[in-house]
Every structure is written in structure tokens, then in C-alpha cells.
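What follows is a pair of complexes built around chain A, which joins chain B in one and chain C in the other.
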Partner chain A sequence: MSRLGHLLGYRLAGRPLLRLQRRRDERRLDSLRSGPDRPLEPPLRSIARMKEMMSGHYLEGRHASGVRPVAWVTSGASTEILLTLGFFVIYPENHAALCGARRRAQHLCEVAEDAGYSRDICSYARTDLGALLSGETPVGRLPRPDLLLCCTNICQTVLYWYRVLADHFGCPLVLVDTPFQYGPQPQPHEVAYVRRQLEEIVPVAERVAGRPFSEQEFTAIVARAKEASETWLEILERARHRPSPLTAFDAFTHLGPIVDLRGEQATTDYYRGLLAEIDRRIAAGIGAVREERYRVLWDNLPIWYRIGPLSQWLAARGVNVVASTYAHAWGELAPLMDPLHPFESMARVYLHPILNRSAGQKLEAMRGMVDDFSADGVILHSDRSCKPYSLGQIDQRDGLVNQTGVPALLLEADHNDPRSFSEEQAASRLEAFVEMLGG
Partner chain B sequence: MTNSLRCPTRAEVVARVQAAGRRVAAVLPYHYPRALLRAHGFHPVEVWGPPGVPRDEGGRHFQAYTCDIVVRATSFLLRGGLDGVDAILVPHTCDALQGMGSVLGDFVRPTPPVLTLYLPRSRRPVDHEFLVAELRRLGEALAAISGRVPAPADWEAAFAAEDAADRALADLYARREGLAVTDREFYTVVRSREFLPAEDFVALAGSLAAGDPPGGVPVMLSGIVAEPLDLFDHLSAMGARVVADDLASGRRRVYPLQDGGDPHTRLATRLLGGPPDPTRGDPIAARARHLREQMGAAGARGLVIYDPKFCEPELFDVPLLRRHLSAAGLPVLHVEVELTGSLTQQTLTRLEAFVETLR
Partner chain C sequence: MTGAAAIGVDAGSTTCKVVAVDETGALLASRLEATHPRLEEQAAGLITALVGDLGPVEPPPVVATGYGRQLVRGAARRVTEITCHARGVFGALGHGGTLVDIGGQDAKAIRIGEEGRPIDFAMNDKCAAGTGRFLEHTAGRLGVAVADLGPRALGATAEEPISSTCTVFAESEIISLIGRGADLDAIIRGLHRSLVGRIVAMARTVGLGPPLILSGGVALNPGVRAMMEEATGMAVILPPHPQLTGAYGAALIALEG
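Right after this comes the complex of A and B.
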């Protein structure tokens, strides 16, 4: 039945319908025109394909159980190994962000809180646990995992969260523990530690998948993941152009495939298409913000439930948030990937995301981005739910102001729980910040 | 009762240790290799806040939603509370302490060097191998400060002293029902291990008088740290008695002892051998089983999980611990407190109501 469901619901009916929907979306996007009353250019046309890809992914998820082995993984985890073994991969964080963007997160958080989960824990975790407990999700249904893969390179929270999932599902939990990088370069024993853990994923995943691991296929997938990540980085770097052809909010929206579908050929193709569209914008002199007066760097996760209003509000004041430390995290490590030495290089890659590096190194990275993107200011989203990203921001803000001379704002909010966001307070702080940009 | 129980303060110990020519390392919670520090000539003095220190100075570096221990410890440091120590060691216990180690090392840059120790999140052979190498790295950092690489005799002496103290701590728990001490007195001694030299701790633990402990509704205490110590007076006044604990500042640090072999290997084996612990990635079911067994052995009728605000490792486990333990007929109360030096009326009322239900 599950194979039939997969064939009918996903392959024969679902995918063609999504293709049709994409064409309809593209026609609608083509009909949109910029105008003086619109501070933002119409969205990039590629968004229709991105929606098709992500909807297709979640649609396949509905029918994946029993057809493909299913793994739930953290966003910083090494999925290339799982893809080699044919796993269907779900990222609970991405699912939670999707719930946030569709304004479903608060309700799901409340479901988790009713079950005893504190409001002080990560709102991604609460959103997903709420979805798990209630069975409610905007994607229809999430497939039950056969394997959980947790990598601590984004936070320790994911381990606490995945322990809860392991208790709930009773399936194996594989851990890749990545020592936090207080210094600029990983120590040899840290690289060896991560490498061995990556290698140890293989026998567990083989057992679950019921098929042997192919080094050759793995190398090919790492190569595709590298290419997709490099293309993603190229896309983000196009924002150095004045006016910038995209905003960081666009980047947040187009992030899904590089997180969820990294290593698949379709993802690389998609980002090549997006890059070409952006280059056409540059050639035509089109900026994402109609009158780009100020360029700003964003730090930390997006405020998913306010992406649209916030980008409109800022664009109306001539502010383009041109880059973010968050979206860059999936591109900046591309040069470290080496398909010829996949385990060794992936160990370095997975040790090195910005969230696994010290507060001082993060400040260093932000200073570099202020220069690279000619930013006039920085918004640091002080994210109540994400302690590892947020702790250190007070000193980072001071460092940015003192060392680069640009204004920097600490904006209190939460990436997924709207109850920790005060519209009025945020507006008045942002107003003052924009005035400083003008000063 | 041992009303004569006299325990020196941390400041007194620091002064005494330094006068004897030894170095002092301030250590943040909570797993770390005591014998390694000792072999390198350092005496560890732990910093758990401390309670009552205002958050103000720490609040200039950390947001309001940051763990109280981290914020108050930073305040304590900035107020000069750690002046004179030779090193600050921040074990990587959680994201909050990660942030503290990072901010201290990169921005605050106190006079004593800030050292870190990454603790692996599982107990597999690969974790053990990593921890051995990580302890070697920490040893090299200590040697760079002290200018002293421990000789075999230093290691031997360090293990002899710290093993004796660890044995005394384990023995203290084993003798709990045969000690004529209040909970406050018992935990005053347990927690003196945080700063007393090993020899002094052994002497203090051995000085407790044998006899019947006070009566009361038996409860088990889990969580991070039972601060303020007035908590025990309040529980006693409510008619409760703490018969077992799973505190990070308590029984979670009763490690199995190993004899002989390479010192770093021995320390890694010890550190990874403690009871189930949320900061180590142990399965929640294993932790629940451990708690159930401890409660059964001690006759505890209920579990109080007592945490500082914003403690994610603890918070994630609470609903499932409650479910697993309730299924075994063991009720659970979760209390979150700020380390202000006193307990709120609301907390006391919740504790009192919980104790009432256990009678």
C-alpha cells in the first residue's frame, strides 16, 4: 500500500500537479510589475521552482514510510552519508521554520507547553514537539523516522531535543558530537573525533537502510553538495553589488533546498537557475529594494513569522538587509569540502559552522561581512530561543560599533514564537536605528 | 546533631592554599578532572553563581534569558570575586557555559587565563579516546601557566588524595541513613568538596556523627544545585527529608574509581563513568530508570527537580521524566528558581503542597 501510495500520490499525481502549480505561480509572478508604491521589486521568479521542490519534498515525505528509509536530522548534520544509502531526510528545524512562516508555530508551541515543555526551551523544538503530539502540520504528514541523526555543531539543544524524539519513536539516535571551537583552527584530536563519528554512522545507517554503503556514490554526493553550496555562496555574494539584487529575506526564503536537499542534482540545478536570474537582475540594474539607500547586515536566525512585514517595513525606508550570518552558514564552508577526501574534509566542515565558533570569531566574521557588503549598519536579532547564537551579541554589538563605526541594533525577538516579539517595541527601536543610519 | 560543624569559606580556603604556595583555579560547573589540576599544582575552587550576587555586571554581557549561574558568575568575576586566582576553567557543560567561556576568553579577558574543556556528549569508545586527548590538551595549558609538568610522583600523590576524597564522598552517601545530621548539614559537607582541599574534605566527611537522622517525608532531589541552602531548612520545616539526590552539584559527581594506568586515560574513564546525566546525552529512559532505582533504594516517595531558570538540559527532560516516574507511582515536582539568596513564597507554597501530597 505504501509503495502504491508513493507511486500514485507522489509520482503520478503529486509531482505533475506541483509542476502545474509552479507554472501558474510563474505566470502570476511574471504579471507583477514594480512601481513607486512598492518598495520591493517583485519576488525572484525562481521562488516558484523552490516552492515546487520543497512541496514535492514534503509530499514525498507523506508517502515515504515503507518505501525509503527515513531519517530525521539536525540542520548541521552530515546528510551526505544518509543520501548515499537512499534515505529520505527530514529536517525538523526546517519544518518548524515552515510552521513559523505560515503562522502555525504559536499554536504548536502551546500544544508542547500543555504537555509540560517549558516556554524557555527553543521554539523550533516546541513547534516540532507540538506537531508530533498533535499530529498537526501544514505539510500534511511527516514520515516516522527509522533513524535520528543529531550533530551538535549548531547547539546542544538539538541533542536534548533528539533524546526526546528517540524516547518517543524508539529508533536509533546517532550522535555526531562536534567540539566547540574556541580557537581559530580545530585541533587534530577534534578533527579525528568527528571523522571517526562520521565513519561510525555508516554501519548503523547500513543496517537501517538494509543496503551497503558505496564510497563512489558518497564521493559523487559530496561533490554535488559542494557544488550546490558553492553556487549558494555565489548567489549570496551577488549582494555585494549596488543596488543589491536580493535581500537577506530572499536568502532566508531560498534557503530550503540547500538545507534539506543538499547533495541532489536538482538542488544544484535550481541554484544555478537562481544565480542566472540574479545575474539578469544585475545586468538590468534592478535592485531588490527599489530605492536602496542603506545596506544592513542581519545576524542570527530570521524572525520567521515577520519576514514579509519586516522586509516591507525596512524597504519602505530604503533599507536593504543585504546579507546575513545565518544564510551564509550554508555556503561559507563549501571550500572546505573535498570529494576526494570526503570523511576528513566533512569532519572539518561540520566542525566549522559559525554557530560552533567562538563569539570573537563570529565578531570577526561580521566585521568582514560589513566590509564585503559595504553595510551601513547591523541588526543583531537577540533570539530568545537560540542561546548559542545570541550569547555574545552584546559584546559583538559593542565591537562592531567601536571597530567599524557603523550603528548596530540588538533586536529582541524569537525565531518562531511570536509571543516573544513586541511589534511596537521593535518598530520604535528600528525607527531609531534607521535614523542612525541616516546620520 | 553536629552543631559544631565548621566549614571554612571559599575565601578562607583560597587564602590558605595560596599561602601554602599552591595555585588556585576557579572552576565553573560541573564535570572536570580534579586530579589533573592537582598534579599540575592547582587547587580547584568551584563557582556556582554564587547566589545573591547581583546580575548587573553579568547582565552587561548576557541577555536576560541567560542562565543565572552564568550571569552571576560573570558578575562575581567582574566584582573582583575571582581576583587572585591563577586560572579560570570553564568546562563545556551546556550552551550557556559555552557562551560564558567564549565571552570571557574573547571579550572580558580577565587577568587569569581562561581555559576550556570540551566534554563529549556520549560515552562511546570514540568519546573516551577524544576525552583522553582533550585532557592532555588541558594539562598542557595548565603546564604553560605553572611552568611545571607533573612527574609520576605528582600524579601518584594527586590520585591518592583525590581518590580518597571521592571515596569519602561516595561513602558519605552510602552512610546517609546512619548519620545524625540535618539535610542542611549533610549538603554543607557534600558541597564543601567544591572548594576544600581533598584532605580537609576527607576529615570533614569523617567527622559527621553516627546516629539516626531526623525524620520526615522522604523525597529525592534532582536538578543542578540546591541553592540557597535555606531550601533544606524549609523542607525540614515542611516535614520533608531529602534521602537521595541526583544533583549536578551532588551525586552526579560520584564517579567510579580506577586504579593505575595512564593518568589521562584513567581520568577520562572516571569522568565518563558517572551516573546518567542530561548534559552527557544519556537516553532519558536510562535517566528515569536510574532515578527510579535510587528512589526505590532510598525509599523516596517523590522527586523534586530543582533548577535555575533557563536550564535547557534539565528542562527538556522534565515532561518525560514525569511520565516515566509517574507510571511507577512516583510523583514529580519541577521548580525553577533564581539564585537570589532566598526562595520566593510561590516556590515555598509549591514545595509545601507537594510534600503534603506525599504524606
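Right after this comes the complex of A and C.
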């Protein structure tokens, strides 16, 4: 039945329908015109294809159980190993963000809280646990995992979160522990430690998948992941242009495939198409914000449930949030990926995310981005849910103000739980910040 | 009285202020009232009354600030309190520094640059502790007039530590202290210490450097002033009309056009 469902629901009916939907979306996007009353350019046309890809991914997820081995993984986990074995991969964090963007997260958080999960726990975890407990999700249904893969390079919450999932689903949990990085380069023993853990994923994943691991296939997937990550980085770097052809809010929206589908050929193709579209904007002198007067760097996760209004509000004041440490996290690791030494290089990659590095290194990275993107100011989203990202922000903010001379604002919110966001307080701070930029 | 060149309105959460300045930026007249729920009518009425005070003149341009700034009819511009306070202090004193503004609903620390522009700021978030409301609330609980709080804090011979910086929990703490027979003035002194501790910590986040300037209604409290000096080791400077600083800054911005 599951194979038939996969064939009918996904391959024969679902995908063609999504293709039709994409064409309809493209026609609608083509009909949109920029105008003096619109502070933002119409969305990039590629968004229609991105929607098709992500909807297709979650649609396949509905029918994946019993057809493909299913793994649930953290955003900083080595998905390339799993793709080599044909796993269908779900990122609960990405699913939670999707719930946040569709304003479904608060309800799901409340379901988790009713079950006893503290409101102080990350709102991604609460959103997903709420979806698990209630069976409610905007994507219809998530496939039950056969394997859980958790990497501690983004936070410690995932450790407990995935233990809860392992207990709930009764499936194997593989943990990859990545020592926190205080210096600019990992120590050789740290790389060896992570490399061995990555290698140890293989026999467990082979057992679950019921097929042998192919080094050759792994190399090819790492090569594709590298190419997609490089292209993603190139896209983000295009925001150095004045006016910038994209905003960080665009980057947040187009982030889905590089997180969820990294290593697949379609992802690499998609980002090449997006890059070409952005280059056409540059050639035509089109900026994402009609009148870009100020350029701003964003730190931390997006406020998913406010992306649209916030980007409109800022654009109406001539502010373009041109870059973010968050979207860069999936691009800046590309140079470390080496298909010829896949395990060794992936150990380095998974040690190196910004969240696994010290507060001083993050400040260094942000200072570099202020220069690279000619930022006039920085907004640091102090994210109640993401403690590792937010810890150190007060000092980082002071460091940026003192070392770069640009104003920096600490904006208190939460990436997924709107109850930790006060519209009025945020507005008054943002308004004062824009005045400091000179507006 | 003639020669009004601009008007500033600070529609704050506790009080609504309007001031008029002449073309040199000198303060000509002002009015201050407790904020009404119908702020729109109140601000319009205060502007009309102020224009009336000034005699038969063409109504000058208005800039509005404060939480209710969107409700001020006829304002040429609406500017945040951060910018207006910075501009007001600079206009009144002729220099920048670290401004601590303790208003009814929020407390702000603003670093003001050479030209009177804010360089950095911090505000209290999601909590009334460290604001005028904290003192107002606890004064009500103690049965003491707000104006008497500062002198009584300074006159106290002892001090009861108030460990909590949350307005609601501080109230519970006060009730316990009263229940234990603690001296009222010692409690008041402890309250001031708690408030000042919180404010100074916030001011340090913008790089607390001299000169230290205090504005807002709470600047009129001598207890807060003295304890701020004690906590920072800096002399506290007050602009001539601490409660009118935001409105005065708004008027100066209106003057600049």
C-alpha cells in the first residue's frame, strides 16, 4: 500500500500537480510589477520553483514510510552519509520554521506545554513536539523516523530533544558530539574524534537502510553538497552590490533546499537558476528594496512569524537587510568540503558552524560582514529560544559599535513563539534605530 | 508673548507635554498634564491652549514624540523619544554625554554624540522595574506621596535591601517587610537602591561615560539623583526642565524643518 501510495500520491499525481502549481505561480509572479507605492521589488521568480521543491519534499514525506528509510536529523548533521544510503531526510527544525512562518507554531508550542514541556525550551523543539503529540502539521503528515541523527554543533537542546524522539519512536539514535571551538582551527584530535563518530554512523545507518554504503556515491554526494553550498554562498555574496539584488529575508525564504536537500542534483540546479536570476537583476540595476538608503546586517535566526511585515516595514524606510550570519551558516562551510577526503573534511565542516564557535569568533565574523557588505548598522535578534546564538550578543553588540562605529540594535524576540515578541516595543526600538541610521 | 517658531509635543505614557520655542530655540512656554485615555483630543487641546498662551500668532510647525505620537494631529513629523531626548539635552546643555531618561513607562540610556545625535541607546524590555511606574506603584502601596519619596529615602538612617527588581515581587517583599515592622523610610531607601542598580546596569550597556545627564519625571527625585552619583562616581547633570526634554527636543527638530 505504501509503495502504491508513493507511486500514485507522489510520483504520478503529486509531482505533476505541483509542477502545474509552479507554472501558475510563475505566471502570477510575472504579472507583478514594481511601483512607487511598493517599497520592495516583486519576489524573485525562483521562489515558485523553491515552493515546488519543498512542497514536493514534504509530499514525498507523506508517502515515504515503508518505501524509503526515513531519518530525522538536526540542522547541523551530516546528511550526506544518509543520502548515500537512500534515506529520506526530515529536518524537524525546518519543519518547525515552516509552522512558524505559517503562524501555526504558537498553537503547537501550547500543545507541548500542556504536555509538560517548559516554555523555556526552544520554540522549535516545542513546535515539533506539539506537532508530534497532536498530529497537526501544515505539511499533512510527517513520516515516522527509522533513524535519528543528532549533532551537538548547534546547541545542547537537540541532545534532550532527540532523546525524547528516540523514546517516542523507539528507533536508533546516533549522536555526533562536536567539541566547542574556542580557537580559529580545530585541534587534530578533535577532527579525529568527530571523523570517527561520522564513520560510526555508517554501520548503524546501513543496518537501518538494509543496503551497503558506497564510498563512491558518498564522494559524489559530498561534491554536489559542496557545489550547492558554494552556489548558495555566491548568491549571498551578490548582496555586496549596491543596490543589493536580494534581502536577507529573501535568503531566509530560499534557505529551504540548502538545509533539507543539500547533496541532491536538483538543489544545485535550483541555486544555479536563482544565481542567474539575481545576476539579471544586477545587470538591470534592480535592487530588492526600491530605494536602498541604508544597508543592515542581521544576526541570529529570523523571526519567522514576522518576516513579511518586518521586511516591508524596513523597506518602506529605505532599509535593506542585506546579509545575515544565519543564512551564511549554510554557505561559509563550502570551502571546507573536500569530496576527495569526505569523512575528514566533513568532520571539519561539522565542527565549524558559527554556533559551535566562540563569541569572539562570531564577533570577528560579524565585523568582517559589516565591512564586506558595507553595512550601515546591525540588528541583533536576541532570540529567547536560541540561547547559544544569543549568548554573548550584548558583548558582540558593544564590540561592533565600538570597533566599526555603526549603530547596533539588540531586538528581543523569539524565532517561533510570538508570545515572546512585543510588536509595540519592537517598533519603537526599530524606529529609533532607523533614525540613528539617519532616516 | 510672541515669536513662537516651533512646537514640540511629547505624548508620554504618564504625562503629556507641549512646549513652544522661538527661532533661536529658546523655550517660550510649556504645558504639562497627566495623560488622558483620550490622548488625541488632549494633545490637540494642549496645542490650542499653548498657542493661546502665545497670543495671536500663526500656529507654528509641530513635531510629536512619545508613545502617543501617532495620535498628535497636525504634526509635521513624528520622531522617537530617543532622538528627541538626545536633541533636547544637547539643545539645553550644549553638549552630549550619557543621558538616562526615566519615564513613566520605560527607562532609556542614550549616548549622545557631539552634534546631539544619539549614537547608542538601551531601553528596559518587557518589565516595569526601573521605571517611574515602579516608584509610583510602590509609593501607592506605602501610602506615601510620590514627591516625598526622594527626600524620605535620603533622610533614612537605615536601608532595607529589596532584592527583587520586579515591580510585582518587590511589592510582595515590601508587604513582608512591613509585616516584620521594618522602618518605612528604610524600605523607601532600599527601593531607590534597587531602581538605581537596575538603571545603572542598563546605562553601562551603552558605555556609561561622563557627563551623566538625567531627564524624565524621575529626575526630579533627589534620592535617585544622589544614588546615581554614588553608584557611578559621576556628578549628575540635570537639564533645566527634565520633564520637558523630549518635547523640547521635538520643538528643536520642528524648528530645523
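Going forward, the second predicted complex is superposed on the first by the 438 of 439 C-alpha atoms of A that agree within 3 Å, B and C clash if a C-alpha of one lies under 4 Å from a C-alpha of the other, contacts with A are read in each partner's own complex, and residues count from 1 in each chain.
Note that in this section a contact is a pair of C-beta atoms (placed from the backbone, for glycine too) under 8 Å apart; a residue touches a chain by one contact, two chains touch by 3 or more.
Predicted model, so just to flag it, every value in this text is computed and none were measured.
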Task: Please indicate which partner A:S34 is in contact with in the superposed arrangement: first for chain B, second for chain C, both, or neither.
output: neither
First, second, both or neither for A:Y117, with chain B first and chain C second: first
Message: Just to be sure I read the superposition right, which of the two partners does A:S422 touch: chain B = first, chain C = second, or both, or neither?
response: second
Message: Tell me the contact category for A:M436 with respect to chain B and chain C: first, second, both or neither.
response: second
Message: If we overlay the two complexes on their shared chain A, which of chain B and chain C does A:S214 touch? Say first, second, both or neither.
response: neither
Message: Between chain B and chain C, whom does A:Q403 touch in the aligned arrangement: first, second, both, or neither?
response: neither
Task: Using the touch criterion from the header, give the chain among chain B and chain C with more contacted residues in chain A.
output: B
Query: Which partner does A:Q265 contact after superposing on A: first (chain B), second (chain C), both, neither?
result: neither
- prompt: Does chain B (first) or chain C (second) touch A:I394, or do both, or does neither?
  reply: both
Residues of chain A contacting chain B in one complex and chain C in the other: 394, 412
- request: Please give the residue numbers of chain A that touch chain C in the complex, ascending.
  value: 394, 398, 401-402, 407-408, 410, 412, 422, 425, 428-429, 431-432, 435-436
In the complex with chain A, residue positions of chain C that touch it: 67, 79-83, 117-123, 125-126, 205, 207
Field: Complex contacts: residues of chain A adjacent to chain B
entry: 115-118, 120-122, 125, 152, 155-157, 159-161, 163-164, 166-167, 173, 175, 177, 179-180, 182, 187, 189-190, 192-193, 196-197, 200, 358-361, 363, 382, 384, 387-388, 390-395, 399, 412
Field: Residues of chain B that touch chain A when the two form their complex
entry: 60-63, 65-66, 92, 94-96, 98-103, 105-108, 116, 118, 120-122, 124, 126-127, 129-130, 133-134, 137, 278-279, 281-285, 309-310, 312-313, 315-320, 322, 336
